[in-house]
Structure formats: C-alpha cells, structure tokens
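What follows is subunit A paired twice: with subunit B in the first complex and subunit C in the second.
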Partner chain A sequence: MNLRSSMNPPEEISVRIAATQQDVSNPEAPAADRRRFDAENLTTLLYPIVFGVLILILWQTQVLHRILGADTFTLPLPGRILTIIADNAPEILMNARATAIVALTGLLFGSMLGYLLGVIAAVFPKWGIGGLTVVSAFNAIPIIAVAPILNNLTKDFSRDADTRSMLAKILVVTLMTMVVMSINAYRGLTELKPYSEDLMKSYAARRTDVFFKLRVPNSVPFLFTALRVSVPGSVICALVSEYFAEYIVGVGRQIRENIVLAQYATAWAYILTACLMGILLYAILLAAEGSLLKGRR
Partner chain B sequence: MSVFKRSSRDAMAGGPAVVLDANEPEIKVEHVSVRFDGKKGAAPVVALQDVSLDIRQGEFISLVGPSGCGKTTLLRTIADLQQPSSGRITVRGQTPREIRLQKKYGIVFQNPVLYDWRTVRRNVCMPMELKGVPKKTRTATVTEMLELVGLYHFGKKYPHELSGGMQQRVGIARALAIKPEILLMDEPFSALDEFTKEKLNEDLLKIWNKTNKTILFVTHNISEAVFLSDRVVVLSPHPGRVSAIVDITLPRPRGLAIKNTPEFGALVAKVRNSFEGV
Partner chain C sequence: MKKTSKGKSINLVALATVCALTLSLLAGCTGGAPAAASASAEASSESVAATAAPEASSTEPSASAEAAGMYYDAAATVESIVKDAAGKGMVGNWGLGNEYEIQALLSKYVQPTTFLSQAFDMDGFDDDSILLASAMTYNELGLVKNSYDGGYKYGDKVKAIDMNDEGVAMLEDNIFCTEAFAKANPNTVKAFLAASMKGWKYACENPEEAAQIVFKNGSSVSSEHQAYMASEVKKLVETDTKGATVTEYGKLDDAALQQTLDLAKKYIMLKDSVAADKLKAMTLDDIRDASYLAGSSSAGTPEKSSVSIQLKWLPQAQFMGYYVALDKGFYKESGLDVKIVPGGGDISETTAVYSGQVDFGVTWVSNLIAANAGGMTLTEVAQVFQRSGLVLVHKVN
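Then we have the complex of A and B:
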C-alpha cells in the first residue's frame, strides 16, 4: 500500500489544508512556516529595540532628565556610562565573573536538587505533595531575609572570607532556584496525557521504563518553564546576596559600594553589566530550548 | 497456568504457544460485573451487570451502545486495565493479566496517545523497545507497519505535524508493531470527521484481512459497527448489560458501497431496535 493510493480525497484535502500552514508533503522544508516565524520574530525584536533606542535618545539629549527632574550627576549620560565601562573593563569583568560563578553554580545545584525533589515527590506521592508544599513555602521568604541568615550560618565554613562568602551566596541561589524546579519537575513527571499510562501498562512496561520513556521526557518542557523563571532569578539572587556577603566582590556589591560612595556613573556601569548578564543568560536559555524542544508542541 | 512455570522471563518473551480448540472461544467473558464505588454514602455505580460473551479467534466484534453503557469498561476489563468486581474473563485459557504480561494485546485508545517528543517512527518503535526486540528487527517492523497504514513517507515527522486521521493511523501501526494476538480498539475514530472515519474503516478491514487478528472494537456509531463487524454486541446502560448480539451476515470483502444496500440498512435498524431503556 503506497502513500498515494492509501490516501482518499478527503484525507488529501486535509493534508493540503495542513500544507498551507506547514508544508507536510515535503519533509525537508517547512518554508511557509519558517517565513511566518521570522516575521513574528522580527516584530518581537523590533518593538523593544525601537523603544530602547528612543529612551536612549531622550536620555542622551537630557530630555529624560527634565521629565524626571534629575541631574546628570545622579543619572549620568549613556555616553559617560559606556566610557566608564571601557575604562574599567578588567575590574568589571572580574566582578561579573564572580557574580556569574555564584549565579550559575547556584542554578546548577538548585535545579539538580529541585529535580531530585520532584522525582522523590512523584515516586512517593503520598507525602511528596505535602513535602512540595513545604518546599514552596521557601518561595515566600524574601532573598534579603535568607541572605544574611545563610551568611551567618556559613561563617565557620572556611578561614578564607572569599570562600565562605561564596558558599553563602551560592546557597541563597540554590535555595531559590530549587523551589521553582522542584514544583515544575513534579508537574512534568506526573501531568501525563490521558491514556499514556494505560498505554504503558497495556505493554506491561516496567516502572523504570515508564519513568525513563514516559515521565522524564514528558518533564523536559516543564524543566524549561522552571529555567525561564530561575535563570533571571539566579542572577537577581546572586546580586542581592552579594549585598550582604562578607567579602566585597561581585556586580551587585559594586552597585551598592559605588552608590554609597556617590559614584553614580560607576554604579550605573555595574547596573548595565548586571542587565547584560541577565539578558545574555536568558538568550542562551531560549536558544537551548529552541533546539532541544524542536518538533514538540 | 502450569505452562508458565518454566520461568517468568519466558512468559515475557512471548510465552508458549497455546493450542486452541477450534470450538473454544478465544475470549470468554463469564458473568462479569464491574462496580465503581461512589463517594461516601453514595450508591456504587454499576458499570457492567452480569455480562457474558464469547469471542472467537480472528473475529471482528464490535461493542455498541450509548454513553454510560459500559462498553469501554468491558474493553478495559478484558485488557486488564480494570478489574471485574465479580465474574471471570479467560483469554486463550489464561487470565487477562497473563495475556497482558505476555504483551499479546495491542490497544488503540480514543486519542492517538503519541509521545510528542518522538518521531512517528520512534513512536511505532516504542512497544518493541519495551519488549526488548533487537534493533534490526525493530527498524524492519517499523517500516513494515508504516507501509501497512500508508504512512511510510511520514516516518521522520513529529506527531503534531500530522492530521488527526494520520495520528490515529500511527497509533494503529504502533499497536500492531508487537504483533499482538488481539487488537482492542476503544472508539479509535470517534474524534475524526466522517470522511476520514469511513476511509480508515475501509483501511482497518484491509489490515484485519492481512493480519488476521481478533479485533474488539468499541464504538457508539451503529453504521460503523455494522460495516466492520462479524457480530455487533449491543450494550444498554444503567446498568450496563448485553441487550442483544446481532450477527452481521454481509458478504466480505466489504467496500463503502455496501452501505447503500437494503441489507445494510436492515441490519442497522435491527441493531438500533435492540437498545433497551435508552
């Protein structure tokens, strides 16, 4: 039975209708679909960029200052901020590196721990759901409350102030990212399509097979849902936890130090650095999601 | 039961051949009742009441009835996805559980239940992975099955790139991939439009003809049941029970044109008139 002969007219019509949206008949090139996707992409990029450029023009021409009633000392001009970044590049990079290490290490440990908690809750649902409720209560604690506490708890960890500060900061990020991941992992492992468990049962699949061939792959989009929250969150947690850390390093800490010293231009340089770090990590995440979830809907 | 004492591994790998007496039914449903306990205080819901049914090997049999008549419950009980409250089901002289563990059932559900992270080929492949079929055999069988359902050229597509009818055909290919003895189909085409449904009905008869499986087909569509089946089992609701079994004496092979014959119309009317208390 070949393809042509097996398809009746109505089915062919339905295929053709589908082909107008996406070229089903040619497996290689869903050209129409890609074109539409590009146009969509273009506008989603274009609008914020136009808006950003507009703000920059208003800012550099000091119209923004007049609107806000600010002066160029507290709100330095974009050109000056960029000059400072260029002049202090090595120092800024060193601080950005420290923040990135905290954010990414915390994100890694937090996400792994969170997934593990999700797995445990999915395997032992009786107390797993209750456990997750307790875990999500951590979500309600503000970072500015957690950071000093963890700072205090880790003060005997090492003789080196940098090391013990690092640990405290990473722990803050770990705690916060763990919560998001655990709840989403649990949902991904348990919210299965109707009949998919019955299907596995009808093939007498082992529990491990159900887990690795159904639950784990099912959880992948949920994993990215968690990361979309926790990637920017990890940067924010890292910045805030640096405020309270013992050892003075990191982009967040530099923002604070420079504001205290009334060096607003330098503070703004670090604020811009923090923004760029968040955007860069989020862009990496979206690219990874795009390539890993290709073919899914 | 005693034939399984060799080892459970043996049973998993396909089990010993059970020689059936030609007169012995392949599936024997004896006085089966299924009750679902309601919430505290509420009376239990009787989904099936004292259902008895014999299904012969290679037979195409349909369960028809309105919603709530227990047709899906009966299929699920035979499939060992639901336990009977009383009564007994024997499949090839064994319990449904034993048959399920030997992976002799192929089930097609109301929706295709394709895994959206797997391509069409890998979806069809999935049951064979669970069964531990060697990779070379798997690849060959996937090709064979996709050719059977007319989707060979769509193997590398993902499920969402296919139409509903094509997705359901992938589901059928997957169910057939482990060469089951019995194909259980639970309203497989109910979500499809009339044209696609009729086409897939014809295709299903061709596949049945080629593979010679026993097919138990659940539907609420009388015309579909009459077109496909050797016998139509009419179930009536509240409580679910067999109210009639209608022999479909239409000649085979059947094409869609048969639906225009007076004999077909008479059989549809006979099935329709068999319902009680609807």
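Then we have the complex of A and C:
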C-alpha cells in the first residue's frame, strides 16, 4: 500500500495530516521490492489454502475422525454435507438471506449509532469518557441474555410475528455493534497525530474545521478497525438471536433445530453456510478497506 | 488548506461509498426477497415443516368463531377455532421436534402447517401474541389454569383441544437405549425396566408422595405444581389414546406406536436425502423391542450394575417413576446403582445416549424416529406415557 501513495504526490499533504506514522516517509520503490511483495502475497495466500485442503482430505478420508475420536455421525463427511447443500440450495439461501438482512441492517444501524455516540463523546469529553464506559458495559452482557429480553420487549411492535421478531433480532445486532463502533470512533476522533491540532489552531481554524478536516478523516481507519470486529460479530449475533426469535427462520435456528433432532449432517450444512457468510462479509470489508484506504496504511 | 479540504472530500466520498455499498447489499437482499421468498416460502416454508397444506384460504377464518369478544366461544367447534387461529398465523409450538402433532391437526383441518415459535413459558399466550398455544396437560396447562406461585390464574377462562380426541396423538415419554447396549446387557435392561415400572406403579398409586419425592430431589417448580403434575402424569401413564385404562405399565402398544410412526413419516421433514429415505422405509421393528419388558420379571444378574438415565427435561413429576424407584430403593433391590441426569432446554437426549454418555434416556417417540433416520441405532424398550399429553389451549370469552 505504501508504494501506491508515493505515486500520487498531490495527495501527499492531505494524507500526511491524518496518516499513521509509518506512512510519513515513503522511500522510492524499486522494482525488485515490488516483486518480493507479490511473492510474499502469494505465500500468505498459499499456506492457508494448502492447510485447508489438507484438513479436507484428512476429513474425507476419516483420518481426522480417528485423530479426534469422532464418528461420521457427529462429524459427517464433507461430501455428504455438500450433497445436502446442493439438494436444499433454495431453502438454505432463503434462510441465509434472512440472517444476512438481520446482520447487515443491525450492523448499519449499530455502526451509525456508535459513530454518533463517539462524536458526542468527542465533543463533550468530560461526559463522553464516562458515557462510553457505560456503553461498553453493554458489551459484557451475553447475547443469550439480551435476545430473549428484546424478544419480549418488541411484542407490541407489530401483529406480524415475522416483523416483530426481525426487529428484535436487528436490535440485538445493533446493540452489540454499536459498542465496538462508539469506542473506536471516539479514539479515532481524539487520538490525533501530535501537533496536528496545534497546527490547525495556528491556521486559526474553527472548531468545526478541526472537526471535519482533521478529526473525521483521522477516524476513518479506526472505523474500519471497528468494522473488522463487528462484521463477523454481527453474523454471530444474528445467528444466536435467531435461537430465541418467535418467527422460525434463519441459519442459526436451523442449526439448533437440526442438532436437537440429531440431524448432524444437515446441521453441518447450515454451519458451513454460516461460516461462508461470515467469510464473505469479511472479504467484502477487506476489499472495501483496501480500495478506500489505499495509501493510508 | 485547499489540499486538506480535498483530502476531506475524498474521505467523505469514501464513507459515502461504504454506506452505499452496505445499503445496496441490503437492497439486493430485500429487493430480491419478495419474488424469490414468496416462491420458496410456498415451496419450502419457513419452519422445519415444509409442506404447506393445499392452499388454505386465510381470508376465510370464520367471524363466527369470534362472535363476541376477542377469544373463542365456549361452545365453538375445534374446527372453527383451529381455522381461525391458523388463518391469523397465531398457533404456537416450541418446535425442536415437538410440533408434529400440531402439524397433523392443522393438516386435518386443511390449514398450512406453519406455527410460531413458543418460548418455554406461557407469556406469549398470556399477552395474546399466540391465540392457540401448545401446552402439556401436566405442565403448561396447569400453569395457565392454576393460581399457585408461577400460575397465570385463568381457571375456567381457558379450554384445551386434546390431540387424543382429535385422532392425531403421537406417543411421548418412553425409555430407550442403544441397540448395542441392550444386546450386550440384556439383564441390566430388564432389571432397570422392572425397577422403573415398580417405581411408576408406586408413584401412580401415591401421586402426592411421589410429588414430594421429586420435589425433594431438586425440583424446577413449586411443590403445588409438582403435585398437580403428578396427578396429571398418572392419567397419561394409566390411560391409552382411546381412553381405555392400561394396567400394564410401560406397555408397547403397537397400534398407537404405528400411528405415531405414520404421522412422523408424514411430518418429519428431513433435508438429508439419505435420512429421508431411511425414514420412509422405517418399520416398528426399527424403533422398538418389547422383549426386554416382557422378560423383566425374570432378570438375571445385571451385566452392568452402575447405569444412568438421561431425562428429557428438568427434574419434575413428569419423571416421578424414576425418582420414586431411586428413593424407595427399587433400583438397589434389583442390584442397580442408578444415576438420574436431568435434561432441559436444548439437551439432545438421543445424542447423549447414542454417544454413550448415559445408558438410558427418556424421549418422545418422534424424536427417537428422527434420530434413527439420521443414522443412530436406538431402540425403545418401554412406553411410559400411553397417550399424548399435548393440548392446544385457547382463551374463552
């Protein structure tokens, strides 16, 4: 990423004010350096893939079962899991969509609310720090405790069970993602580069200018740090809150139903779906971060 | 400053793009949903149960059932009540394998087999978000009617639809173990059954004392509710689905078991094609073995003397026979050292027995059928409850 920013000199100054320290001095990038970077990239990608394939082979050939002392009943073979996914693709997609809507809506509201809290805390620092401590206490409440409570609290929201349990699930995700975002937003808005605030003051910048031209840009990398935690977190929250929801839908609920009914192969198909959802959303986030923050990290 | 403002605008654009990306993802999800969801909802529905019954018109729900007040007339027919509640989508059940009788009843009156997920309390019924709620005669029904601690005090203001009367009864609490365990330890199984049935007999003859014994052994509910439960469980143990008295405790009634299996084949929807085929081909011989109960009076020395039994739920009078047998020393007399393992919530008793964590288990026959279809080899050795304890409860005007 460092290489790119050095190629864009006009951006350099604006970047410097907000950028992290390592980026300040960019050496000339020789071609050899670039090649090494690509090779490094390749191996970082290759090792996990080789490891994953190895595990899959051990799993399918049941060596893994012998190592773990499991049987093919509780740990079904990958082939069977994939067959179930292929056979039930429309239904699995329908459940995955329900979970994705909950996770993403909750993530959106939670992150916006969290950022707003961060802003309030940064504007009123005396109250802010105390307030954020209280907010972060929310993080200590287990989702398992929050989900049924919110389920009961949203009973009057709608006569339609699908709507009200959707709201309850979204609220759980909102609550959890809000906390992560508010703390990171506060840090991003207040942990400025040394002297940068003084520099702005020497320009006779108004408080609003300092806020929009220094604090907000400074918070963007922190925003992504928060999202790196809350994107996978939102999927997990959505899965768990589905356990308690009134309306029976979603990947999490299907995992529970199938495990209680001792249908482990089907449960594994949904577990795999949940994993893929989390990985996909995380990959989208990384891609977005890579393209939006180029030259920043 | 010009330069910084440019940097700012880039950042704002970046932020906006992130939001837009998220929004478009969402829009993609919701936008695609109506068309696709309505199609797949028709085909596969949202719950475990996939078969929506032949297009039941939800506009039809008779206003007659709701002539006066918000609830049902005391004289309203079962059909009108079920149709009305199903039309409004306000039939509740816990799911997790407890829903098949409800689905059979809904199908009987040509309604879609979907239901709301009911919590393990009756708050949903109390606050009217569920009009027709599932209840066990010995547990939830008592809580709804009675006024002791934890009760909802409805008294005569509620009525119940009985699955036995509706002809959709499926058998519930049984005793099971793995086929391999039964084959390797036939005398243990026989001795365990003999002592357990002695416990059940004693408990049914002295329900109040049995309730006290259960309460003493770590009860999850009050002693008054425990006493109510004991009196109701006695009825399930001593009466069959037709209402006839049963004198032989734990008897494997093949007709009732066959009805359970037939309904299970119709309403247990397995996504795994291997398991679904296995379920389709299942016969009574795959799920029960009556020989151990028949030979229980003449058991030899137990091969394994220290055994455990996994309950389906928390310690309560639903399982009074085992607690009585333990308390009165019936197990000890048979040369057994028995440990009772309470269940609750999402405990999967079939998995616990299959994996060898416990030797015996109490489950509903439908759960055993689903587990065997999934690849387990469990066998039922006694049927403790001779009739279904599941009812649908509704308020009356």
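Definition applied: the second predicted complex is superposed on the first by the 262 of 297 C-alpha atoms of A that agree within 3 Å, B and C clash if a C-alpha of one lies under 4 Å from a C-alpha of the other, contacts with A are read in each partner's own complex, and residues count from 1 in each chain.
The rule is simple: a residue touches a chain if its C-beta (ideal position, glycine included) is under 8 Å from a C-beta of that chain, and two chains touch if they have at least 3 such contacts.
Since the model is a prediction, treat every value here as computed from it, not as a measurement.
Colleague: Between subunit B and subunit C, whom does A:D198 touch in the aligned arrangement: first, second, both, or neither?
Modeller: first
Colleague: Going by the contact rule set out at the top, does A:E246 touch subunit B (first), subunit C (second), both, or neither?
Modeller: Only subunit C is touched by A:E246; subunit B is not.
Colleague: When both complexes are superposed, which of subunit B and subunit C contacts more residues belonging to subunit A?
Modeller: Between subunit B and subunit C, the winner on subunit A residue contacts is C.
Colleague: In the superposed arrangement, does A:Q62 touch subunit B (first), subunit C (second), both or neither?
Modeller: neither
Colleague: Just subunit B (first), just subunit C (second), both, or neither: which does A:A269 touch?
Modeller: second
Colleague: Does subunit B (first) or subunit C (second) touch A:T190, or do both, or does neither?
Modeller: After superposing on A, A:T190 lies clear of both subunit B and subunit C.
Colleague: Looking at the overlay, does A:I259 come into contact with subunit B only (first), subunit C only (second), both, or neither?
Modeller: Second partner only.
Colleague: Is A:V220 in contact with subunit B, with subunit C, with both, or with neither (first, second, both, neither)?
Modeller: Both partners.
Colleague: So subunit A touches subunit B in one structure and subunit C in the other; where do those two contact lists coincide?
Modeller: 10-11, 14-15, 18, 203, 213-214, 217, 220.
Colleague: Can you list the subunit A residues touching subunit B in their complex?
Modeller: 1-3, 5-11, 14-15, 18, 22, 24, 27, 193-196, 198-206, 209, 213-214, 217-218, 220, 295-297
Colleague: Using the touch rule from the top, collect the residues of subunit C that touch subunit A in their complex.
Modeller: It is residues 1, 3-8, 10-12, 14-15, 17-19, 21-23, 25-26, 29-30, 32-33, 36-37, 40-41, 43-44, 46-48, 50, 89, 95-97, 114-117, 119, 123-124, 127, 129, 268, 270-275, 346, 348, 350-351, 354-355, 367, 370-371, 374-376 of subunit C that touch subunit A.
Colleague: In their shared complex, at which residues does subunit A touch subunit C?
Modeller: Result: residues 10-11, 13-15, 17-18, 73-74, 80, 83-84, 87-88, 90-91, 93-94, 97, 100-101, 104-105, 107-108, 148, 151-152, 155, 160-162, 203, 212-214, 216-217, 220, 223, 244-249, 253, 256-266, 269, 284, 288, 292-293 of subunit A touch subunit C.
Colleague: Okay, in this complex, where on subunit B does subunit A touch?
Modeller: Of all residues in subunit B, those touching subunit A are 12, 76, 79, 81, 100-103, 105, 107, 109-111, 113, 115-119, 126-127, 129-131, 147-154, 156-158, 160-163, 165-166, 178, 193, 195-196, 199, 203, 206.
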